[in-house]
Amino acid sequence: MIVDYVVWIILLPLISFTIQIFFGKRLPRQGDWLPTSVMFVDLLLALIVAGKVFSAYDPDFRIARSFEWVVLGTTTIKFGLLIDNLTAVMLFIVTLVSSLVHLFSIGYMHGDPRYSRYFAYLSLFSFSMLGLVSVDNFLGIYMFWELVGVSSFLLIGFWFEKHSASNAAKKAFLVNRVGDVGMFIGILLIFAITHTFNFDEVFGKIASGEFAGALLTAAGILIFCGAVGKSAQFPLHVWLPDAMEGPTPVSALIHAATMVAAGVYLVGRTFVLYTETALLIIAGIGTITAFIAATIAVVQMDIKKVLAYSTISQLGYMIAALGVGGYNAGLFHLMTHAFFKALLFLGAGSVIHAMHHEQDMRQMGGLRHKLPITFVTFLIATMAISGVPGLSGFFSKDAILAAALGKAMETGTLYHYLIFATLIFTAGLTAFYMFRALFLTFYGTPRNQEKYDHAHESPSTMTIPLIALALFTVIGGYGSWFEELIRKPSLAMFSTGAAQEAAHAAAEGAAHGAHTIAMVLSILFAFAGIFIAALYYYWNKYSAEAVSEKFAALYRFLWNKWYFDELYQATAVRGTLLLSRAMGWFDLKVIDGIVNGTARMTTLLSFGSGTTDNRVVDGLVNWVARIVGWFGATLREIQTGKVQAYILMALGAFILLYVIQLAMV
Amino acid sequence: MMAVGLHHFLVLSALLFVLGLLAVITKKNAVTVLMGIELILNAANINFIAFSRYVDTDLDGQLFALFVIITAAAAAAVALAIVLNIYKQMRSVNLDEADTLAG
Amino acid sequence: MNYFDLTFYVFAIGAVVSAGMMVFSRNLIYCAVGLLFALASVAGIYVLLGADFLAATQLMVYVGGIVALLLFGIMLSVKFTGVELRTGTLQMLPGLMIAAGLFLLLVRMVFRTEWAVNQPGEMLPTTSTIGKRIMTDLLIPFEIASILLLVALIGAAYMARRERT
Amino acid sequence: MEALIQALQSQSAFFSQFSESLLALIFFVLFGLLFATVAAVCALVFVYLERKVSAHMQDRLGPMEVNTEIPVLKKIGHGWAQTLADAFKLLLKEDIIPDAADRRLHLIAPFILFAAVIAAFAVMPFGEKLVVSDMNIGVFFVLAITSFSVIGVILAGWASNNKWSLLGGMRSAAQIVSYEIPNGLVVLVIVMQVGSMRFNDIVIAQSGGILNWHVFQFFPLNLIAFIIAFLATLAEANRAPFDLPEAESELTAGFATEYSGFKWAIFYLSEYANMFLIGIFLSALFLGGWTSPFGSLFGGFFDQPGWQPIWIILKAVAIVFLQMWLRWTLPRLRVDQLMYTSWKVLTPFAFVAIFGVGLWMLL
Amino acid sequence: MLLHFAAPFIFVIVAAAFIALNLLISRLLQPRVPSAGKTTTYECGEIPIGSSWVQFNIRFYVITLIFVIFDVEIVFLLPWAVVFKDLGWFAFVEVVIFITILLVGLAYAWRKGDLEWDKPETGKFAREAAPQLFEEVGMETRKPVQEVTL
């Protein structure tokens, strides 16, 4: 029953995508109503599913249904759906944000030459994302993982006439690929050991101790690689800011609320896979990401870039939360963040739309009079992300900080205390840069009078989503249902039933003591951040320029985003070139040099010895030299660019390997 | 000489496969390379059908072979179109000259 | 040696000799003729294996279709100047070595593997079974095949047409 | 054929000492020779017929002079020995192979053409028992084996190294392949109705008189199918009005330009054998094959097995006559009209026939 | 079943032998007096220029290509036609889908003009190549001449 609903939830966007991509242009209004209405139907269905799932009010609620997909000899690969509380929440988030973004896009993308295709892509993305959160196995999640990657690629590069957009799309795709390769190897590793892709079966194998040790850690870290790529974690975070080249609603949907959170979801879904060691790495990566991104966001002038770095930073928070064992906190933040970050992006989109596609905050200012609805909703979201008490962001961020502190107190290691300190400092930074953006955009005097004069409040298709999201931002954090329903999975859950009860009692406990301290500190830092931002940008007591000049080196460092792009350009991109050049040089100088040197030395030596000796040794050496020379020449010849030569070599290598294998057996 | 059985067909298939392969790796002309590929596909089909007769008695092998033939037809059509395009671009269909992509 | 074996050897030798003609001939049309006879002999082999429908398919699609296509392809891609219907060979020696090596490996594999050979039964007409299987188990491949053919048709026609414009 | 052999074996001690396979082999060789000869004789008769038919249609007499001096036969007159004389002439004529031609392929091409036609005769039903090989995929086999003729034509055209030949060969090949599609599609229509590709099954499904013939079933769908099949096979045989490949006024003799002597004769042998083949093929598919048009009328007298070959040959000859009639009635099509007819008229209508018959059968 | 297929195979051999025999007889009977004029490529008496192995119009290829695709389609449909009576509606719908998809290809080729050969342009010479002639005789130029169709 519920499964049928979920199947429809997933399939409907696929159907609308198919119709839209082929016939979209022919439909009335270029077919925008079709994916939009489909998404609202999806939202309705997701609400029904959530209602059915939550009415059970059981943390262990789960429905899994699968069918045999591929039968390979003795191994059967199953494919199916897994619906539990987490899935229900994710379905709700995705359909909510997606439907609102669809609605928003009707206004925002109005008049675009590829209007219909845009909606087709949005549908494709929705399909992939909904599939991603509902499948019950690694292979399925990988497939949908790649599908969201593709739709993200298509949407980032939607305005591919812009060179920066097409480059950004390529960058996003390639950087993600780095993580995905790791993830794929991880999946293969898991399959090689457990012979199954199914989550429950894999976890069962882990619970029973069949799959443990260094390999398990390795598998966990490899899977996490995928999350690093997709959730833009350090060191693969560089693609997300560039991805802002896509249309702003896309940034809201894909690059803020849903797809980038897929990494977090992945870690959450496969949580039992991660050993303590793996979790340490995860926590570290998350914290580093949160901090780095926040520092960069402080100096950005492009409103979308600020939000992008803020997204990275918040994703870092979630990952860090999962890493320190704050499973519930991390996923809770995922949900609240989806609301307020989508709101922020759509708000930014509304501003950008009003400013005629101006994204630079130095050109804005004073817009609160012109865009009242946008301003209010943006303010709510900013307060939420900054951790102002009473809003959803406060609850979730607070839970994360509490989890971090709790973990630190539990283990007592410096490492974990450092994580907590960094996170709480970053919370202050977050408040600072978000309010900086708010003040620069909406307060003060208009810095570009002409654009200011032309600015106007967006149409209702754009403001309604803002209001709806603002509502969820306010109320999203209340109630303890999330904490009670989404419970940290433990290994015991996947072993036999008897052990289950015991496991429940052990979970969650230490965090409570830390809660109060964390809360006080977090409020303190949040208001400090807001206050400082107000000092600089609202009351203008101090000049930001002066500070940036004073700390010019630091400013440049941050302005250049810690030089990550340059670093990668210098290492990864140029490294490949350098490596090949080095190999060429090695071939030319060292090998030839050795050969020449050997030959010369031997000739000298052989001159010293008599003629008989001379001939033998010389002959031998020449032979060696010729062999080596031939080898070098042959190796150089290999790269002919001729397909047939490659086939020949591949076959030769194949035969060689086969013979070697035969010899070994 | 033993009565003709599965092994005979498999060896024949191996022989045709190798000959097709030889055409693929030694011929300069792209069309002949394509012919080699067709021969390779036929060798595979002999295997399929031989297994379908001698090992697995239902018709799975034959159905596989049927789909292989269909795919081969589609592939040949497209490949030849590509070859004709290459010819148009380079005035030659010799594969050893079509190495523009080599660095 | 019964008729079955004799026929097998006739077709097998026919196939291999024609294939050899295809590989070693330098004239493109001769290559095509070699391929033609090789394919026809393979059709004979199919008959010996009880695949009547496939044998006819082989003749119809390969001989009537693909070989004709190849012949047209050859004639459309020869140079205007002079008789350029010859094709050179490259890396013949290593090619032969690799091919021989691969052949030995394959033969070794053929004879080393313990095939679960069943006694072949009587040869029955296959067409109706094939039809039923295509319409039931293999429905999706069947429909996808039509899309494949469509794509091949459009793609190849498009590419071939570019010459005209 | 097995039935015949088994009957012989059980009846006669002489035959029973040989194995069935050997007997079959011998029979096949004999029948092969028979059909090859029949093809030759067919060609002779049809050439004569064509000359006479065309002449009378054009209000002239045609060959009248060549008769023999043999007393009885001399009485027949009407130049009956003309084609015989022509045959001897061709046998005695010098076989000129142009210097520029590719000698081997020049030789192979007529072989391919002729062998394909003769092989197709193996599955043609001349009677319920009188069919050399009652193959269960008979119709499909005919479609498949006749596709060899494309290759033969291309090779003949190419091997001659003559511009007329090559152009004629290419045109002919394009024409044959174009018309093979509607032909194959209408074969589908019949196979759908019968549920078998065996010729005898198809013929038996039409037994019981002229009204049961396929051409009158599912009116008018099968009639359309028959017309499509007739036109398509006509074009595949390169007969007028589809004789562009050898249009004398444009391409001299098409792919056969550089052929002379007996090799040239083989092409004509193949063409007339092919016409006869088409006659039998179409009558088996649409006109009741070897069944009599009278069904059980006349007390089933005409339904006796002895009549079967006579009926089918009569029908085939009627179709051949129709082909000749068209040749001397219609002007030659233009090449663009040729393609138009095949792809834009016959093929769509063939699809219509398939869909229509399918729906009709299901409803 | 093998016997069924043996027949056409033997027929092929017999037919080949028949031709070979006749060719041999013809060879024995015929005169052989080759001469340079006789063995020249025939071009209506002109001396042939260049090889005839020249390039051809791509349309031949496109037509053959479309043929191959539909040939394959027929091959696919034959087994269906054989079992059509047993399977009924379901199979019919499948095949309708199958054919429709391929008809899209045919329609595409149709639309794009792949199925068309060069049409002779009747009156083109009169209209375009010789306007002066028209002027000389005082006729209106550019006036389409009545197309002569057969």
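Residue numbering begins at 1 within each chain, and the chains themselves are lettered A, B, C, D and E in the order written.
Basically, a residue touches a chain if its C-beta (ideal position, glycine included) is under 8 Å from a C-beta of that chain, and two chains touch if they have at least 3 such contacts.
Since the model is a prediction, treat every value here as computed from it, not as a measurement.
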item: Other chains in touch with both chain A and chain E; value: B, C
item: Shortest path length from chain C to chain E (each step joins two touching chains); value: 1
item: Comparison of B-E and D-E by number of C-beta pairs in contact, larger one; value: D-E
item: Most remote chain, CA-based centroid, reference being chain D; value: A
item: Chain whose mean Cα position lies farthest from chain E; value: A
item: For chain A paired with chain C, centre-to-centre distance based on mean C-alpha positions, whole Å; value: 48
item: Centre-of-Cα separation between chain D and chain A, whole angstrom; value: 70
item: Averaged-CA centre spacing for the pair chain D and chain C, given as whole angstrom; value: 28
item: Length of the line joining the C-alpha centres of chain B and chain C, rounded to whole Å; value: 6
item: Per-residue multi-chain contacts in chain B, two or more chains; value: 21, 25-26, 66, 69-70, 73-74, 76-77, 80-81, 84, 96
item: Residues of chain C touching at least two other chains; value: 2-4, 50, 52-53, 57, 60-61, 64-66, 68-69, 72-73, 75-76, 90-91, 95, 98, 102, 125, 127, 130, 134, 145, 149, 152-153, 156-158, 160, 163
item: Per-residue overlap in chain E, given as positions that touch at least 2 other chains; value: 1, 4-6, 9, 51, 53-54, 56, 58, 60-61, 64-69, 71-72, 74-76, 78, 81-83, 86, 99, 109
item: Complete list of chain pairs which touch one another; value: A-B, A-C, B-C, B-E, C-D, C-E, D-E
item: For the chain D and chain C complex, residues of the former touching the latter; value: 21, 25, 102, 105, 108, 135-137, 140-141, 143-145, 147-148, 150-151, 154-155, 158, 170, 173, 177, 180, 197
item: Contacting residues of chain C [partner chain D, same complex]; value: 2-3, 29-30, 33, 36, 52-53, 56-57, 59-60, 63-65, 67-68, 71-72, 75, 125, 127
item: Residues on chain A engaged by chain B in the complex (per definition of touch); value: 639-644, 647-648, 651
item: Of all residues in chain B, those that touch chain A in their complex; value: 21, 24-26, 33, 95-96, 99-103
item: Residues of chain A touching chain C in the complex; value: 644-645, 648, 651-652, 654-655, 658
